[in-house]
Amino acid sequence: MRRHPLSFCLSRAGIFLIALCLLAPIVVVLVISFSADSYLRFPPSSFSLRWYQRFLGDQRWRDAMVNSAVIGVMASLISTTIGFFAAYALLRARHGIVRGLEPVFLLPLIVPHVITAIGLYFVSGKLDLIGNRAWVAAAHSVLAIPVAYIIQQSALKAMDPALERAAMVFGCSRLQVLRRVTLPLAFPAIASAALFSFLTSFDEVVVTLFLAGVKAQTLPVRIWNSLVLEVEPTIAAVSSLFIAVTFLVLMLNRALRISRS
Amino acid sequence: MRRHPLSFCLSRAGIFLIALCLLAPIVVVLVISFSADSYLRFPPSSFSLRWYQRFLGDQRWRDAMVNSAVIGVMASLISTTIGFFAAYALLRARHGIVRGLEPVFLLPLIVPHVITAIGLYFVSGKLDLIGNRAWVAAAHSVLAIPVAYIIQQSALKAMDPALERAAMVFGCSRLQVLRRVTLPLAFPAIASAALFSFLTSFDEVVVTLFLAGVKAQTLPVRIWNSLVLEVEPTIAAVSSLFIAVTFLVLMLNRALRISRS
Amino acid sequence: MSAAPAAIALDRITKTYAGTHAVNDLSLEIGTGEFFTILGPSGSGKTTTLSMIAGFVMADGGRILLNGKEMTQEPPQARGLGMVFQNYALFPHLNVFENIAFPLRVRRFADKEVKTRVLEVLSMMSLIGFETRLIRQLSGGQQQRVALARALVFAPSVVLMDEPLGALDKNLRYQMQNEIKELQRKLGTTIVYVTHDQEEAMNMSDRIAIMDKGKVAQVGPPREVYENPRTAFLAKFLGEANLVPAKLRAGAVETPMGAFPVPGAPAGGEGEGFFFIRPERLVVAREPSGEVHAKGSIRAISFLGNVVRYRVALGEQEVTSEMTSGRGDLGLGLGDAVAVSWAPDDGRWLAE
Amino acid sequence: MSAAPAAIALDRITKTYAGTHAVNDLSLEIGTGEFFTILGPSGSGKTTTLSMIAGFVMADGGRILLNGKEMTQEPPQARGLGMVFQNYALFPHLNVFENIAFPLRVRRFADKEVKTRVLEVLSMMSLIGFETRLIRQLSGGQQQRVALARALVFAPSVVLMDEPLGALDKNLRYQMQNEIKELQRKLGTTIVYVTHDQEEAMNMSDRIAIMDKGKVAQVGPPREVYENPRTAFLAKFLGEANLVPAKLRAGAVETPMGAFPVPGAPAGGEGEGFFFIRPERLVVAREPSGEVHAKGSIRAISFLGNVVRYRVALGEQEVTSEMTSGRGDLGLGLGDAVAVSWAPDDGRWLAE
């Protein structure tokens, strides 16, 4: 038997405590969503599914879900494509000028979202695009491109460059190398990038609040807006569904990775 | 001379175009901040520093800046310490139970901020902590711990384990190994973690909006709130200052990295 | 066995990872002042064994004694060993002086004593003048010397070395082998050396242990292990070997090349195995020159610098002969009919 | 020179990275069907040279001709070469069959033709039955064979090999050397082989080019390069060498060990340089046995298996002798007074 000194036990207890703190907010939301009380209260006095029923029965909530899904898919397609293209081009660029653009692709990760939101708002107002779903998707892409870029860039970087050289030696043109070797090998990363771009759009509040207007309200924005008016456990129910979708997407990503290795 | 096929030129133009799109929102904000117009308008008809003056002359804006700084520093200290401790303990844990906690430390990155915000709000309301700066800092730490954890964990992982073994062979106890070898070698990562945790707190809007009340308003929340009332270029000036602080912190991080290698 | 305890005694140690034995019931005694090498293919358990001696890995069963003291469950810092790591494991945040002083600082030696001792090993390792350099400013060979100096500065009675020369190029490697060997002789330190390079092992060691599948397959001085391997695996692992499938019958071996007497083969025994002979013991010439020989034809000739290697087809069987490259060659070409001759003493019988 | 163009002609090619010459004004001609090896220390430019032949890297100056056709600026896919990469570079998303079929698919061969050709090389490489395996399900040796099969399936006249055996262990490595060599002889393919392993280079090559600092230091058949190196660097790089600082005076060399006649030394020349002799040409014994000898004492004896290495101190100078390990040893011990003898023909004069 190995000895467990006091310091070991203390550090273990500490780790569990911190993990608990990080879990707490989510657990609270999940528990409240199953409350049978008619107002927000923790812990609930009894449990029911009434808030889920209310949520699903409400046209405005259903619209918000459709908006979230449509905008998320569009943003995911745009960001994944542009992210792949940028990662591929920047990795292969030998010249200083193009290489120097890399920080620009990471910029929206670094610049506070409020700032990006304000900037986009100014632009959208001028172009009369507030409430346009495609425009919201484009705005989300600004935030999702860095995510898609990083995921795909690190996969392309990790790829043995000898594989592309081998394809060339054995007769492939640049385009054939891309189609026969690079794309198939990068597929897991492309799928990951698509899923995480979707989540980025799906979770976004700040930018969407400015641009969505009434027509293109997404789920988190609807949660936000309704918080001001109707502080009732419906929001906890919506939030729980929201968490469920997020985890579903992550599980999908995981399953894809595992099936490929 | 090397040949530049058409595809090469097209791809280059594409990269520059995308980079421009990503830069646009920030550039717009910066330009407007120097406007001399008395209302939001892009491009401005003439330039001045009036909005910066207005910003600096306003007690409420100054309070917000102090709040942001104080809360940011507290959150940075909390997250960096806990992140290091967690990364160190999890990397060394051989047992399944502790190892299995890793996803929990990344959770707040994955769960939408609105959800975390709602969860924390429920908790805070019950404990009557709305408007308490230390509590806002603690809430920000929930979001910053994953960042601090990832940065420090990857640095500790990249460290040659033979270095710690060498220290042990040559007579160090576990604590001496930490003090003489691990901490000095992890220093650049610890500094990075502190800076990025600060930025995470400094940029946070969603959670802060719920928890800050009137007393603990941070800069981005003040921007947000004032957007509803006084849509004038002061906000652009504040935003520009905000961007400046962000970049300052990043430059500091970069300088630290370079000086160590 | 002498009255003094062995520098290192491993008594039936075992280590299991995920159900498979990395080290399996291994016993070894290493004498004081001995240069002892553990050699083996990757995955044979040689690194795990060294890690258990150092205390990085705790044995699941068995005992480890250092200079007679039970150390099986003690942490590394209690064992008082010196060690040279595979990639040196020098501290990148300390300069050369502080790297070497590290074991003394931890032991709370007075500054003056630290300085005296460090300067002493610095001069021993020809590193005077490098004190304030950072590790990354040193060449591979210099880093090697610093690692060696750090392992020796507190005069440990046992020093462990884990492939310390693996990162150096051929010429430097050979030079360092000789330096380490001379240093060890001078200081009387016990060295446990792990390597996969057989030439290095034979060049430096008093005794070699060859490991295979978590066990010691054979231990002994280099010449003994080379000349009298116990199994076909050992014969092939250390040096080049001709292993001709053979049957033992009445003290002689029957091979596809013919039947020969073999010294040391069990007189009455019968069985299947190999007739084993080293390439350098086979002489290729147009006419037979030894007491025993077989006839065949040349399949390949390779000039390898100091030796010329002939592959000779003897019916279905092929054997390899290595002869010192003389001035000019023997005038032999591909396909030439030749005789392969050897002294009866040079062949061995190996029962699998 | 024959009328047929060389398989590969490099005409004064140069490649500069960040101001330093990786390859500097290099010219080489490689004949059709030749097994040509480029050997050199790391950073000598051997990999850059191979990359320029393959077309991965474009030369800054000079011309590259393949079978007489100018290819200097052509992309890799236009050059029609076969290649075996250092870590094989097999496509992990394709099975063994499709990996080998890759060059044929790209060339739009009909399915039937693809099948015939792939099966042919599969059987040549003893890989029948592995068609549907994925690459990660193969051992290192099997991956090596697949890489070789893919390089040969479209019958290219030139195949480039970049340290193809670097990842294999000693025994497999030697076996693959012989297989590749036999295959090349059978198919008549021109092979350009890059390695840092000298034994491998000497075992396989028709000619070896040794590179140093971006230039070819010497080209020739293995025996010629080994026996008549042009510089001290070459003598030390290929094989072991004794290099004794010496002065040339009137056709004889003066060394700390004495003065000797040396064949091939410029008769009237004078200068500083080295007296060079291979360790295997030095005989150590109690009494002198050759025409030339020097007296000294034994400093170290190492048993290395097939040879025994003696280090002998001759005054200030130390020389190394390597002799085949016989049965028993010569009865020599450390410190014994001995004579080192050699034939006058075996020594060389090297002017730096």
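Note that the chains take the letters A, B, C and D in the order they are written out, and that residue 1 is the start of every chain.
The criterion applied here is as follows: a residue touches a chain if its C-beta (ideal position, glycine included) is under 8 Å from a C-beta of that chain, and two chains touch if they have at least 3 such contacts.
Fair warning: this is a prediction, and the values are worked out from it, not measured in the lab.
If you walk touching chains, what's the least steps from subunit A to subunit B?
Minimum step count, subunit A to subunit B: 1.
Which two chains have the most contacts between them?
Counting C-beta pairs in contact for each chain pair, the top pair is A-B.
When the C-alpha atoms of subunit A and subunit C are each averaged to a single point, how far apart are the two points in Å?
Using C-alpha averages as centres, the distance is 55 Å.
Taking each residue of subunit A in turn, which ones touch at least two of the other chains?
none
Provide the residue numbers of subunit A that touch subunit B in the complex, in ascending order.
7, 11-12, 14-16, 18-19, 21-29, 32, 40, 42, 82, 85-86, 89-90, 98, 101, 104-105, 107-108, 110-116, 118-120, 122-123, 126, 142, 145, 174, 199, 202-203, 205-206, 220, 223-224, 227, 235-236, 239, 242-243, 246, 250
Applying the document's contact rule, which stretches of subunit D touch subunit C when the two form their complex?
41, 169, 171, 178, 181, 198-199, 202-204, 222-223, 226, 236, 238-240, 278-280, 300, 302-307, 309, 311, 322, 324-325, 327, 343, 345-346
So in the complex, which bits of subunit A are touching subunit D?
Touching subunit D from subunit A are residues 160, 162-163, 165-173, 176, 180-181, 184-185.
Report the residues of subunit D in contact with subunit A in the complex, numbered from low to high.
Touch list, subunit D to subunit A: 54-56, 75-77, 79-83, 85-87, 89-93, 102-103, 106-107, 150, 154.
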